[in-house]
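Note sheet for the following structure.
A, B, C and D are the chain letters, set down in written order, and residue numbers restart from 1 in every chain.
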Amino acid sequence: MTSADETRTGVWLVGARGSVATTAVSGCAALAAGLLPPTGMVTETPPFADCGLPALASLVFGGHDTATTPLPKRAEELAAQGVLPPWLPTAVQGELAAADEHIRPGGPVPGDRRATEELIADFATDLRTFARTTGVARTVVVNVASTEPDPAHGAWPASSLYAAAALRAGCPYVNFTPSTGLSHPQLAGAARASGLPYAGRDGKTGQTLLRSVLGPMFAQRALAVRAWSGTNLLGGGDGAALADPAAAAAKNAGKERVLTDTLGTRVEGEVHIDDVPALGDWKTAWDHVAFDGFLGTRMVLQTIWQGCDSALAAPLVLDLARLLARAHERGLSGPLGELGFYFKDPDAEGSALAEQYTRLLTLAGRLGGTR
Amino acid sequence: MTSADETRTGVWLVGARGSVATTAVSGCAALAAGLLPPTGMVTETPPFADCGLPALASLVFGGHDTATTPLPKRAEELAAQGVLPPWLPTAVQGELAAADEHIRPGGPVPGDRRATEELIADFATDLRTFARTTGVARTVVVNVASTEPDPAHGAWPASSLYAAAALRAGCPYVNFTPSTGLSHPQLAGAARASGLPYAGRDGKTGQTLLRSVLGPMFAQRALAVRAWSGTNLLGGGDGAALADPAAAAAKNAGKERVLTDTLGTRVEGEVHIDDVPALGDWKTAWDHVAFDGFLGTRMVLQTIWQGCDSALAAPLVLDLARLLARAHERGLSGPLGELGFYFKDPDAEGSALAEQYTRLLTLAGRLGGTR
Amino acid sequence: MTSADETRTGVWLVGARGSVATTAVSGCAALAAGLLPPTGMVTETPPFADCGLPALASLVFGGHDTATTPLPKRAEELAAQGVLPPWLPTAVQGELAAADEHIRPGGPVPGDRRATEELIADFATDLRTFARTTGVARTVVVNVASTEPDPAHGAWPASSLYAAAALRAGCPYVNFTPSTGLSHPQLAGAARASGLPYAGRDGKTGQTLLRSVLGPMFAQRALAVRAWSGTNLLGGGDGAALADPAAAAAKNAGKERVLTDTLGTRVEGEVHIDDVPALGDWKTAWDHVAFDGFLGTRMVLQTIWQGCDSALAAPLVLDLARLLARAHERGLSGPLGELGFYFKDPDAEGSALAEQYTRLLTLAGRLGGTR
Amino acid sequence: MTSADETRTGVWLVGARGSVATTAVSGCAALAAGLLPPTGMVTETPPFADCGLPALASLVFGGHDTATTPLPKRAEELAAQGVLPPWLPTAVQGELAAADEHIRPGGPVPGDRRATEELIADFATDLRTFARTTGVARTVVVNVASTEPDPAHGAWPASSLYAAAALRAGCPYVNFTPSTGLSHPQLAGAARASGLPYAGRDGKTGQTLLRSVLGPMFAQRALAVRAWSGTNLLGGGDGAALADPAAAAAKNAGKERVLTDTLGTRVEGEVHIDDVPALGDWKTAWDHVAFDGFLGTRMVLQTIWQGCDSALAAPLVLDLARLLARAHERGLSGPLGELGFYFKDPDAEGSALAEQYTRLLTLAGRLGGTR
């Protein structure tokens, strides 16, 4: 057993063998080794240089998953799809294998007979064991599991079990998905009482990111948006999960909030999420904005965003893990509204990206200073 | 002769019978009469309510043009193309005819034998006569003429003659085009000495507007833009003017500046401007942004903007005329960098729209207060 | 009462006050008067010059509708939306009013107590009265009413009542919509026995038109389409009708058939139809085709089609009315498979547009000859 | 020395170490070994089963190039860019090395002192040596070198030197590029007299392929195209070559011909080709078609084609080599107009893809029969 080591930080990924987690672990290792530049990582840009964030090389990964394919194998699969560079899985095989050692079975699985309380206790034990074994100073729990359907009233969705375990084990928590997580009504009191910092929810990686800069543009120019319609095509696990209308509904609520917030009014228009297995981990989002200009002239803006979901999410997951770890170290607690920059459905008012970025820089200032 | 009347403000349009000017005059009349909502006019939004801006109903229009088709006829042509509502030319015929009365011949026309000094003097006389005849408290000169080619070294382009006349007649000046205007080296001293406020240059109406919000998004998210390419299709007078490579070069410099400023580095990629007469006053701008995400993953954003050029420009022209008039009333002088929100190639650092909007609001604060 | 006049042909529109019908009647009058060129009318191209088709000036319009807004008023509404040129409603007001005189109440309306048989008989009487009153040689019935939901098993949808009436009154019949019409199982025998020509179903006006040329291209080049996804945005009556999932299902079946037929296999991908009232009669269709090239290389084709639904449909309606009238005159009977060029879900094998065009030319040859 | 072996066929690639050639050789080996399905190869579809085409496994590759990077290395570079599957270069390393053995230095290189006649003779000797050494029954020469600028009047561009050598060595010839090749005026007599079959020019792989199906669609539907504008973004060697306006001009002539042919009239609109090194071998083509529908209604179709240039071209190169070999075996001579399906600027009238495909099937019939 290692003694607590201020220089190492745990990152516990719920959904640790998914595409986002695999990309995050692979990428962290590649960046720490200087094999690739830190494209897409906001915390590696100059404004964050003096924040006292844990170094990428100091992050130790573990997590929960119900899947059993080991991380090195998952990385090869992602490389075959073009999500990771072909040479990367071999180059970081050691780090992937090491992280895989720290992955514990998730749950509840079908037939699982453990009660809610028991599941939470087991997950919390996993977290404590990880911390003890690895000797990390603290562990940030990040939910990157597939979006789950809106739970039946009163039921405990898996995401909330993990969130409860994080609280119990004293871990800062990030919900990168639209799932319930810490937002479960029965967790509100415990979250407040925990003294832990947390953030969420639903990472803003593509279409909504665009909307959070285009919405303000229309508002600032006094152009009247009449309808904002969108279609998302994606394969991979997320495509299949979101083909479930209930899961899609959770996701779309976040997208809509951005428009309503930034335009100052609810606008017409639907959002579709199609599962297109042929696209693999790649997603295409088409947006069609019908707006009126001066004297009611009809105009249209269309955007097409073609990105790799995991590559968009993974650097933000690393950013958030580092920021939460440092926030915890500095004694910050409660919802970190200044992290709205990262989320579709943030803990704070205001969905315009520029303002969110300003607030993020403010947080960076607060995090800086002597360790 | 009317005595100077603090409640009326002159707007002198260089290119007064062009599409932008016709739309501005028609629209101002329609809005003043409550026939249409002020979509697209930033100065009609709440933050500008207490700035002391001249009322739309108080604006009196005149201008220079070498074209002779009267404004009521030009409005009908624009309505036939769908740029103005079909009923509008009839509804505001009186106001259009009144403005047309104040349009004076522009120049120099081919065969014009007047020397530079004579042209400037004549134009300044036109401005003074307009002020005297109409009794306006002040006149803002706005250049909305077709883009002119980069002038030969030392020569006086027409746009600079008009700008010189504005200075001489004591008029605040706005250059809404990429033409030289007040930026002529021989006008620098006079501009400084004039004590007048001025602003420019090149109104930001479409593709560049988009770039000024998308560029910052890529920068804030640490995504590496590798190439930003664009094609603009437009008919109308501007399409024909910009088919001249020299004129297009002037326009493209502004577009490129926005990217270099917001991304922090020069990026690969060309911008084409095609004259497509079939499109009339409508323009389509396609942008293709190739960028790298985490671990070098290749991603693409494409945007398609379909707008009516005159309808995009006209409300900004009205905004600027009102803001400059008020700035003059408040004694502001020199280049108004806070108006960068409106321009591709502004008088101040920083091309990110969100920051420019913040600075515009700051100006609004300065303009407010007791008259 | 006029005696049967071989030089005049009736066109009976089911949905006679809808956008498509109004555009067809307005346009026919404009073309007959030489006010506009016959853009979009296939039967006005050279290969159809010697087919013996009825002249546009010889068409006499009537129809059924449950709506009561008269045609001249409807035309003005469409002109205000930019669907018709602003000057057109006035120019053809006489013809619109004349057609409106021949519009009879449709049904069944809510509370209608007539039995199926009675409704059919009433509609057939309307048709006979129209023929007698106007003295036309024959009347082609064309269904251009809003798409109706798939009927409950055994029930008679309105479209089939009109189709039955057409048979009973001896009228050639065209179903331009995805509604049931003549495809009702209980009409099969009567259709066969009638000796009348008929055609359908579901006019091919936009996205499916494109698919019928792009599908064959992929097949001929041996490119493997992996997913073909689409989203349609449209307002107007059709947008609202198709917001009903049942109606959309009918429409999408036709779209899918084109792909399966031309690609030789069923492909992945959904089609969405969104009601976007802000778009009025304009529709936008985005298609995303993910395909594999040589060695499995992933490639993508996207298309964006922006058209005016009524302007796309109306000339085809006129084409079909003329072709069916002439086919009837020449004694052709049964389903005219050679008209597959016009339909999403045609009466004949083969969905590739080029082949359908060849077959249409063959029909043109058959229709030619001495009257 | 091997005796002439009716079962082996030579394919001599001018530009043998370029991306297209490398992809063709790699792909042929992969397909012959059953490692991948023959996506994109028209000659592997059922209508060509009984044509007597040489088997893929029987093709023997060689060629000319001024570049010296060996094929196995080039294949690795392409795999790194995602043009070839990552595992392919290793899997077909033997075949690539074998082909590389048959690559001879191209020319003229700067400083080359050989006269035109000497260059032709040397290239012809290379072809004869290849045939003798490998014992192939015949060798088809295919030009896949970078597009060269339009030559000065009277000069011999390199492509024509290679074409002359092909004639002299008795080899069927295909010009897959817009370069001059066999179209040089001084080669016309020799080509006619040679008794050899040949085909060209400029492979139809992307934007023009689309235009050859969309153009006929507009024509058949009597829709009036008012402007057809396009922008191509591409990196790789071809992007750099076409950044030369003279080379681009050659390419664009072919694209324009397709529109003029299929629409029956010349239409407005430019085509841009931008070199965007960041895109590597991938190309994006955006097309904007402004057209009028019924009553002059303005409509727009836009297409975005994202493909890998080499993967689009390579299977067609293999198709053409096989078809020309068989045509030679069957004694066909002169320009094979039936191969217009493959070219932007074919040897025969008619640019509509559907008709070209029909003619290709006719050729397939002629090629069939006993060997």
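Operating definition for what follows: contacts are C-beta pairs under 8 Å (C-beta built on N, C-alpha and C of every residue); 3 or more make two chains touch, one makes a residue touch a chain.
Here the structure is a predicted model, which is why all the values come from computation and not from measurement.
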Problem - Fewest touching-chain hops separating chain A from chain D - result: 1
Completion exercise
The larger set of C-beta contacts, choosing between A-B and B-C, lies at A-B
Handout entry: Centre distance in Å when chain B and chain C are each reduced to the mean of their C-alpha atoms
Key = 47
Completion exercise
Cα centre of chain A to Cα centre of chain B, whole Å, reads 43
Completion exercise
Note: chain B residues in touch with at least two other chains are 82, 300, 302, 304, 306
Handout entry: Contact set on chain D toward chain A in their complex
Key = 79-80, 82, 86, 304
Handout entry: Footprint of chain C on chain A - complex, ascending
Key = 226-227, 229, 231, 233, 268-270, 272, 274, 276-279, 284, 286, 288, 290, 300, 302, 304, 306
Completion exercise
Within their complex, chain B touches chain A through residues 23, 26-27, 30, 36-42, 44-45, 82-85, 88, 209-210, 213-214, 216-217, 220-224, 292-297, 299-308, 311-312, 314-315, 341, 352-355, 357
